[in-house]
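Below, chain A partners chain B and then partners chain C, in two separate complexes.
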Partner chain A sequence: MNTLLFFQNLVNPDVNVPIVLPEFIIAIAGIIVMVYDSFKPAKQRITGAVSIIGLILATVATFWLWATPGNPASAFNGMMVTDNLRLSFTVVFLLVSILTILISSVWVENEKVPAGEYHALLLFATVGMMFMASGNDMVIIFLGLETLSIATYVMAGLRKNDLRSNESAMKYFILGSYASAFLLYGMALVYGATGSTNITEIAAVLSSGESAFPTLFLVGGAMLLIGFGFKVATVPFHIWTPDVYEGAPTPITGFMAAGPKAAGFASFLRIFAIGFPLVATVQASALLHESWITALTMMAILTMTIGNIAAIVQNNVKRMLAYSSIAHAGYALVGFIGAGVATTVTGRDEAIAAVAFYMLTYAVTNLGAFAVVTLLAQKNDRRTEFEDYNGIGFKSPVLAFTLSLFMLSLLGLPLTAGFIGKVLVFRPALEAGSAMLTFLVIVAVVNTAISAYYYLRLIVVMFFKERTTDWIAPKIPTALGAVILLTVLGVFYFGLFGNSTIKSFTKSPATTKPATTQNAQLK
Partner chain B sequence: MATALFFIFAGFAIACAISCVYHKNPLYSAISLIGVFIALACVYLTLAAPFIAVVQILVYAGAIMVLVVFVIMLLNLEEESPLNRLRYLYGIGGALGLVLLAQTFFIFYAVTKNQDKNLKPDDSVGQTLNIGAAMYTEYLLPVEIVGILLLMAIIGAMIMSRRLRRAKLELVVDNKEE
Partner chain C sequence: MDFITENLITILILLPAFGALAVLGHSIFWNEVKHLKWITLGITFVIFLVSLLLLGDSTLSANGYYFEKNVVWIEAINTNYHVGVDGLSLWLVILTTFIMPIAVLSTWDAVEKRHTAFYVFLLLLQSAMIGVFVSLDLLVFYLFFEASLVPMFFLIGIWGGSNRIYAAVKFFIFTALGSLLMLVAIISLYYMHFQQVGFGTFDYITLLNSLQSGKLIYGAGSTGTLLFLAFALAFSIKVPVFPFHTWLPDAHTEAPTAGSVILAAVLLKMGTYGLMRFNFTLFPEASRELAWIFIILAIIGIIYGALVAMVQPDIKRLVAYSSIAHMGFVILGMFSFTELGMQGALYTMLAHGVTTGALFLLVGFIYDRRHTRLISEYGGLSSIMPIYATFFVITTMASIGLPFLNGFVGEFLIMIGMWSATILSGSWNKIAAMLAGTGVIFAAVYLLWMVQRVFFGKLTNEKNRNLRDLNAREIGLMVPLLFLMVFMGVYPKPILDASKNSVVAIQKIVNGETKGGTVSTLKVKEK
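Here is the complex of A and B:
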């Protein structure tokens, strides 16, 4: 081959370091933690501190990307983007990881978990989540998802001498790999239909109606729905959730319910709401849009109803929270559908910001609840049944009152974060004005009422049931106290002043023109 | 010439696949599977994809099959009589086979119907040089992410397979036990 010709045909890699700075910092922090741990193993305080410093630096970098004008809107040939979807979800992931490290400090100490490896895994899982939100290319999204999933499979099984933890890791691994296969197949079919893995280009092909194979689009879209539906735990792909959440160590359960679910929603939104837009003039696009909106509406209704009804009959607090997390995925789907049916770009961005804000409020509330559950569960998660909570209300008022607050926020009581989150995700669907979506919102509100039963049940159990056995209130360690304080403040802050947060989530970063157009000219 | 070669290799692949399913001894099945992989690699070669052909032999016929054979040896599988309670699986397998066959015909139909005459497969696409060039230019970022992914998979495997630090294994089976 002609060497000169070969060099002329090379594509510019379009490297831009600032745009991947948050991901880069976390990956470096993960490697530092790992290398440090290999020389001085099991120093929980130091590896934990390094991880938290890395996460805080990455948060600073994220806000810097948001506020500073002049960064390109996309780099690496359009594979990475900077928009409000990416940045707002990234903030959620970083917060979840910081809180998880603090919550798990008790558990790492009590059960002699290999701290360095655990912190490294958590950081790499965070990198995966961030790439899922920032990737504008299905290749990046899939790699991010796999990085996240493999780290989570291992973390679910970290309690190696507990059969339930083994079961949890095994189930999650096998079913998760199966779902990844569906996702990958869907991506391959969409690639086959459009000839591109880039989401912007997929949207362009769909809008122009150039795609020769609309059937491939439909089948590929369905496969993607199954894969993402599994990752965010929606009915009917939710069967794994209760077992995995119950068996995994409690801090990891909190992480799984908050972080990976939000990451799943980030790339789910990116592919469906942005990649498969409605262009009424093109028949294939209209058909695809209508199909996925209808399918998601069905899934949302089923998810909310089945999640809430199944949660009522649970006797284990972790299983109850697992079903509650399924129901919350259903509420978030309502906002997702709102983003899908939005007719303007501003409307779509507002609905996306609403979903991100919902995941933020859910993460704060849920991690707070799991912090209390971790402390009450004691070693090896022995005390997680409802009857273990009998009558502890006045013996340990701090824990009981904060847990009650988190339950009320999950329920969506006004003045708490959960209320504002629910209002914001229901609004775009209601504003769309179609009968199907109005029905969807009505189902969601009825479900909120149903969910009062099991959230209030825990409060009743704590305060009004008699305890037959002796119980000594556990001492609250500093790290866990910090988490409880932060999450309680968060619940009130987002509940009272949520507007300022949602406004900044809606704000798009000031970016220069995408570099891709320039690159295309080069080719 | 190419057509003749294709039919020879494809025929060999199908024969090996049938032998893989037919043999009761798992070791014979594994060896038949190697035959399938090698035949497929030859088909890739005729399709101007030498890189995939070599990777197919290195990874599948080499690494993965060695693992499979090791597992078979270590597990010491005995010849089992067919399980009657799994009879219903034959039906499901047959149905899935039919679905796959239908899919094949659909792809054949779709491709012949929408034949894109402008499509000119570049002869150099499958070459190692071009794959390497694409990996380190256009797909630089994914390659880096794969690096993180593999590093983390190694750590994960180490954690899962390592011996417990505490010698005594206390199994927590029931959460009610003290």
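Here is the complex of A and C:
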């Protein structure tokens, strides 16, 4: 009977195109850009425009999926899902990619980067990220992750003549592949324990207590933790981050800190918070849940503390931002743990929305900061040391003040997006009321105070120090000006009127049951 | 007019922010530096006049606040833009709006660079400060509390003295650390309310109602104490209470005159205001239990501040340490939990704002002329600058607490309050009052000694021979302050009457006398 159903599915697969429309659009746009580039290379404007149009269309499609009731909750035999986790993270990815294309326009022109290749890679990376959020099956998640990773490895090394860029790409590639192996092994072990790669089914098996292999689960979970820990750069799997971020071209660094990190969080959340739930009556589930919550708590504490302390001693702005992005992964983990310990589905969805919103505010702020840093760095990333920023505050007031605003938002000061993001991710962890998690939040808060030192340092050098060397204020090109304006507005908008965004992030679209339910019996 | 009275507080918060935009716009489109100070002065003066409307008639809201406004801000976390004033916050708002034009005038010609940014930050700071005193939602309060840091950070960092970077960063990190722990406590309160009452809230009134009606209880454990400590730490750093004071002398000394005036007159009061408004009412049991710690720290602060002030070679640093001593008095009065003590604390907050603000102004005047603040550089100034010397001596007397000047009223009330308090066991209350009394003597010592060395005797430094006396602007600045010193010293009734009901309501709550009731007891019957 099972075999029969299996073949039925093969012959009559549960295909639903609208549900993958956003991914579809981006993939098509990527192909158009690639093909166009092979005929007429080096036309930045055209490939950039095609990419941005594709990204905007995909955003529209995502909102359409969100707003239109009646789409199935899952399709492709449960491999793709439509829920608030997927949609809210997809919005973050698309925004990140649009901003990255705008930011990099200057750099592409300055350094004669093959624009077509670059834009195509960025679009494929975006597709990968989107699959990581929408995949409800570990295979899809892995495919998405690899698509993303391979594209990013190349992008990190796009500045071919720069040793640092080459080093960055090489390091990222070797360590990234190593981490992917861990991830894959973890997936294999979990498959061994449950007989399925589908996350809904894994959760079902765990809850039913049928699994006879709690050890496999634990080892598999640990492997997954390491793999994802690498992808989102949590301590102690963060060592690659500063070198890669420093060496990669500045716009790519901004992209890597915002996009792939959010994507990592999306599938990390999907597998752990949804796939490994707590069912108190089932021993394996309770054991697994307790282990990963404890492990993640430790990781979060280490990530925040080490990220912040290391950031203090940096003398290079890009390296400082790299370490600060490690610390921010730690703050996001606090919300993640909150999603893990939530007792109700609503609570879990709220916590997931909080993490997504946090990544959104981080992406907006961080990309804004990288836009300014790119502009100030000029050709070959020459000016990225703290010293290079000495006393530019009143020489380039617009850039300096916006950069200060981004630093204050990263710090989480009220009235900025970063503040609302922090309040939202700390909230679910406190809700649990356990001593360990309260301690975690206090550590996070103390870390925020520590981080004040290095965020303020940038403001200090820009405004309080005197400039001894000449300073030619860079002209702000239109595309970058647009990014800076958008991100500044975003920082204030999410800081003051974030209400509606948070609300829609919490809400899953009204969906119908999946077209076929056979896959639930397919074991 | 209806529109104005209905949204008076919002207007007060937004006016300075719009003023900042006006200054910015003017400098972009017109770029006439000379106009900026006039524009800022005009704006702050208008704000002061508008703030006087707070004294006018208004209906009391059901929660016992005037000009209350409650609008949803972020629904997802149930936080509202909820503002209102009562007898406690009323005077602090007016103090803020009163001090601002004076602060602008104090650095009339002393701003040498970045004029636009200076006035923009000054006005933004005013928005945040007013916001702190009127917020009735804990998250909104936190927001303004933190937001006030940034403009001050820039004011110290850009226009400060030689060691300004160290002072600015220290100021920011000290205060930010404290207030972040308060944020954890605020979110914890939200969740305790969520678990026990069924919905989470940041609203001060709702939390207070739930506490008073017994719907929200901290339980037997240490939760209440820990929450109290998280709030108290944030405010103690701001005040500053004794072991947390080290940022203050640096910040005060390095800040430009306008910054020092605002810091002393208003920013420090945020701490004492927060303790009285939030700690006392939200955690009455913990407040009573831990009062002895604060009383001891207050006395240490009074004596330590005075002793350290005595040996300062720098006049501004001396005044800064005297602030620590004065704020010690305020803390002592508050934690006596008597009506007199708490009224005295509020009164000393206002008096200290006026006198210490004036002292920083006076130090600023002499610094503008000689570019030094070292006591040893001066001597015998009274013969060269008689008007300046007169003003200085009067202000000093007010600061020491001479009867008929404003310092006396508050400190006297505080000492009576502490003397009659029952918070400590046995005669310790009286011992505490006596120890605090020695602070007045110390204050006389360090201030009079400084006055003697700077103003009297023979002219010791030839460089001072040609100093000109105060000009019309400087006299005009000092006159309202001197008038207030005398007025508040002779006729304290209107201020004390207006704050009485609010202070008594808080005192009743902190003493556990209104248990089981509602906040209707908080109502201010008359002003």
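In this section, the second predicted complex is superposed on the first by the 505 of 523 C-alpha atoms of A that agree within 3 Å, B and C clash if a C-alpha of one lies under 4 Å from a C-alpha of the other, contacts with A are read in each partner's own complex, and residues count from 1 in each chain.
Simple rule for what comes next: a contact is a pair of C-beta atoms (placed from the backbone, for glycine too) under 8 Å apart; a residue touches a chain by one contact, two chains touch by 3 or more.
Computed from a prediction, not measured in an experiment: that's the story for all the values here.
Once the two complexes are laid over each other on the shared chain, residue contacts for A:Phe463 go to chain C alone; chain B is not touched. When the two structures are aligned on the shared chain, A:Leu122 is found in touch with neither chain B nor chain C.
Applying the stated contact rule after C-alpha superposition, one finds that A:Arg382 touches chain B and leaves chain C untouched.
Set side by side, chain B and chain C differ in how many residues of chain A they touch, and the one touching more is B. Once chain A of one complex is fitted onto chain A of the other, the partner contacts of A:Gly498 are limited to chain C, with no touch recorded for chain B.
Contacts of A:Ile392 after superposition: neither chain B nor chain C is touched. Judged by the touch definition given at the top, the superposed model places A:Val190 against neither chain B nor chain C.
No residue of chain A touches both chain B in one complex and chain C in the other. For chain B in complex with chain A, the residues that touch the partner chain are 110, 114, 116, 124, 129, 133-134, 136-142, 145-146, 148-149, 151-153, 155-156, 158-160, 164-166, 169-173, 175-178.
Of all residues in chain C, only 72-77, 113-114, 117, 139, 142-144, 146-147, 149-150, 153-154, 157-158, 164-165, 168-169, 172-173, 176-177, 180-181, 183-184, 187-188, 190-191, 194-195 touch chain A in the complex they form.
Of all residues in chain A, those touching chain C in their complex are 350, 393-394, 397, 408, 413-415, 419-420, 423-424, 426-427, 430-431, 433, 438, 441-442, 445-446, 448-449, 452-453, 456-457, 459-460, 463-465, 498-499, 502-503, 506. Residues of chain A that touch chain B in their complex: 1, 6, 10-13, 15, 20, 27, 30-31, 34, 76-77, 79-80, 112, 114, 117, 120-121, 124, 127-128, 131, 137, 139-140, 143-144, 146-147, 150-151, 153-154, 157-158, 160-164, 169, 212-213, 215, 380-385.
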